[in-house]
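What follows is chain A paired twice: with chain B in the first complex and chain C in the second.
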Partner chain A sequence: MSLTTLWKLMRNSFIRDMEFRINYFILIFATVITFFMELAVFAQIYEGREQVGDLPKTAALGFIILGSLIRSCTSLWQVIFEFVEQIRDGSFRTYLLQPIHFPSYFFAQVTGPKFLTWTLSILGVLALKMSPRFDALLAPAHLPYFLPALALSLMVNWQIYLTLVYAGFWTEEATFMLVAFNLGVGIFSGSILPLSWLPETLQRVLHYSPLPLLGDFPIKAGLGLLSGPEFSRYLVQAVVWMGALAFVNAALWRAGTKRFEAFGG
Partner chain B sequence: MRYVLIYMALLKNALIRQLEFRLNFLGSTLCESVWISTQVLFFHSILRLAPTLGGWTEGQVWFFVSSYIFVDALYMFFIHENMKNFSGLIKNGLMDFHLLRPASALFLAFFRIPNTNAVFNFTMSLGLLTWTLTHFDLHMGPAHFGLWLFYILLGFTSLAALCIGITSLAFWTTQASSLTWFFFELYRLGSRPQDFYVLWLKRFILVGFPAAAFISVPVQLATGRLSGPLWLLYPLIVCALAVTMAAVIWRRGVRVYEGALS
Partner chain C sequence: MDAPQNAIEAIHLRRVFSRAERGSGLKAALKNFVSPRFIEKVAVDDVSFHVPRASCVGVVGANGAGKTTLLKMCAGLLHPTSGSIRVLGSVPAERERSYLKRIGMVMGQKSQLWVDIPAGDSFDLLASIYEVPAAVYKQRLDELVKLFGVEKHLGVQVRRLSLGERMKFEIIASLLHRPDLLIMDEPTIGLDLLAKDTIRDFIREYNRLHRTTILLSSHDMDDILEICDRLLIVARGKIRFNGTVEEFRSASHTFTHQIRELLKE
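Moving on to the complex of A and B:
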């Protein structure tokens, strides 16, 4: 698929999403509320302490902001449910007839509506950077680490969502997997609380999963809290997970479309 | 009594309908268990690092968390599904049927679909509550527990009334999903004790949108963190105002509703 087609699809999905503009205001409101709720808890935890786990007090504010922004920029609800619903009711067949490979279509559909969220997030960070209290947040020296970490995190995130959508070929209840994933991903990825604050056993288990790549990796990279070897380890993990998920998704797509049946005109 | 019987019939219907799709039922329960696990994990992780939070002891925090899950289970059981479906009633004109039936239209619109999955949340909250009361000495006798139950139910009534009031704005806006989301975000503010918040936010959840009256104040009254006639009266005043507001919005809404069925 050419870049022009991809751009057109993204623009279309953005325009469609803009029909419900009020949702953006509520999303901003939700992000602000989440920020204050987390700030409230963090303020209590850091009372009289300079460092908790591997997060110093100076980086705590940055952690809350980056965590909230990354969650609102990556979480997908409506568009994902629509895909699962389309598999369920058979209208998914249109993707099989169109001369566009579904993963590219999926990519355009999930990124298009996020344009505004990303733009607002960038503007928000730039505004906050005017205050010295936010020096630790995305310092220029950390950007070369943050940007690739964020890009890899987004790609792993989309691959996971794609796997969950493909599960819809086998079970009508794939939406529950999506809801469960969306409910759990915040805390298990380390974007609500630093991963080092979770119980040790859980941390060990989570490091075998791709979840820390969705929160812990870009947030710590953005705050300059990853050492060279840690960053490299996450980088390798991200590439391996992306490859593995891409392979699984290709297999799921082939098997899923073979068993998919739709009737009617 | 008549409404209790109607509700029992609605409950039986809802249970039969939900059990027809067992996998769906299990899926919803899975989602609820993930949500509860994240709440418990969140507070467990924090309390490992800081045994007291904003003057709240570990036991008091767990008592708050179990109360929050308890109120949320009530909300999920009685209101949530109906709230989600309410704008559909207005858009499709199905509200006409509720207005014609020989029972309160408000009752039918907001309590028609009990969410039986929430029984799981309810059980979990009671389990957590029992664990909290047996593991921590909260100095709570039967009278304190009675006080907690009374105020927590009052808190839930305020929550339900505010929810009905805000959702009823769909009589004017037709589309209510954004309103539902907006309400839910405000409600989330009540998921932390008001002592944790900065002063202006603390004032907001006490007076502006009284989310503190749902869980935080009842828990503090029961554990003795708050006392005095003003605090004892506060949840009653909030409840009375919320019920009045919901009733006024509902009545005016029904008056402007024109029906959509041909």
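Moving on to the complex of A and C:
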């Protein structure tokens, strides 16, 4: 698919999303509420302490803020549910009839509606940066690490969502996996709480999964909390997981479209 | 090398669906929850036929006769369980890009347009997907929109259009890339007489002008008689008649009655 087509797809999905104005208000409302709630709990528990777990208090504060922003920028609900529903009711056929590369189409369609969220997140970070308490948050020196980490994190995230969509070819109840993933990813990716605060056994298990790449990796990169070797290890992991998921997704697509029954007239 | 004479060639085509089946009531629901039962349904049963290029073929059959399954296999939406089918020299289920660019499909009961945005935005995207040059796209769109008299609805969200207007836009969407084969599944379903006339006139004229092969399924005998030159009658997954409308007429002076008898078999 050409870049022009991808751009037009993103544009159309953004235009479509703007038809549902209330959704944006809910999104902003939920993000702001969650953010302030976490800050309030945090302030009450750790008042007077300079160290929170293994993190300095300012870094822990930055962790919560960046985690909250990354979660709202990466979590996908409506578009993903629609894809699964389209497989279930047969209207997914449209994608099979057109000369498109579905993963690219998927990427463009889930990215378009995020334009506004991303813009708001950037504005939010810029506003916070006016206070010296947030000096560690996305400092200019951390950006060369944060931006590639965020890009890789997004790509792994999209590949996982694509796998979950393809599960719809096998079960009519694939939405439960999406809900479970969306609910669990906040905790197990380390974007609500640092992974180092979880039990050690769980941490060890999680490091064999792609989940830390979705939260822990970009957040720590954005706060300058990753050493050189840790950053490189995450980088290699991200590339390996991306390749593995792309391979699995290609196989799922081939087998899934063969099973697809295109229900309905 | 000359292009093959036939647009579609199917040999011993068969498609079997596996379907969950249970009785009604709580007991049956519980039984199904523990141990679901699947039955096999033969939708298309050992069918061989051909469709000459540039012809307009009416596919007729009772509900559940296998018409739509046949059309979906022609489009590449469904893989045959056994047998083979070649459409425009390609195997449809392989869904090669070059093949998909040569076909168009209109489904009376499913939309290929983005329903929440104006049709104009969907057309723009489709032109890009099918790589129609901008000038050609503009000329074709102007032509088609004028022919159908829907200029003033181009900026209206598709979901706000009447059924007739929506169907006209669906047909326009499937013709922007000027396909060699147009597959239409009940394109006049639910339309009023005037809208039906407009669509019938248009399809007939389009077939004559561009020598596009048209495969049209409908329960409305007027669609078949006014548009098609050939007839494919399907009953219980098998083909009962494949020939010209004139051949069929000469075998019986009461056209509709004769079809009804064949479908009853």
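Going forward, the second predicted complex is superposed on the first by the 259 of 265 C-alpha atoms of A that agree within 3 Å, B and C clash if a C-alpha of one lies under 4 Å from a C-alpha of the other, contacts with A are read in each partner's own complex, and residues count from 1 in each chain.
The working rule: contacts are C-beta pairs under 8 Å (C-beta built on N, C-alpha and C of every residue); 3 or more make two chains touch, one makes a residue touch a chain.
Just so you know, these numbers come straight off a predicted model, no measurement behind them.
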item	value
Which of chain B and chain C A:Val205 touches, first, second, both or neither	neither
Residue contacts with chain A in the superposition, chain B compared against chain C	B
Touching partner for A:Gly53 - first (chain B), second (chain C), both, neither	first
Partner chain in contact with A:Lys8 - chain B first, chain C second, else both or neither	second
Which of chain B and chain C A:Leu97 touches, first, second, both or neither	second
First, second, both or neither for A:Phe260, with chain B first and chain C second	second
First, second, both or neither for A:Ile122, with chain B first and chain C second	neither
Of chain A, residues touching chain B in the complex	20, 22-23, 26, 29-30, 33-34, 36-37, 39-41, 43-45, 47, 49, 52-53, 171-173, 175-177, 179-180, 183-184, 186-187, 192-193, 197-199, 202
Residue numbers on chain B that touch chain A, as the complex places them	23-24, 26-28, 30-31, 34-35, 37-38, 41-42, 44-46, 48-50, 53-54, 178, 181-182, 185-186, 188-189, 191-192, 196-198, 201
Interfacial residue positions of chain C with respect to chain A in the complex	17, 68, 72, 75-79, 93, 95, 97, 100-101, 103, 105, 107-112, 114, 116-117, 121-122, 124-126, 128-131, 157, 185-186
Partner chain C, residues of chain A touching it in the complex	1-2, 4-5, 8-9, 12, 15-16, 19, 90-91, 93-94, 96-100, 257-258, 260-262, 264-265
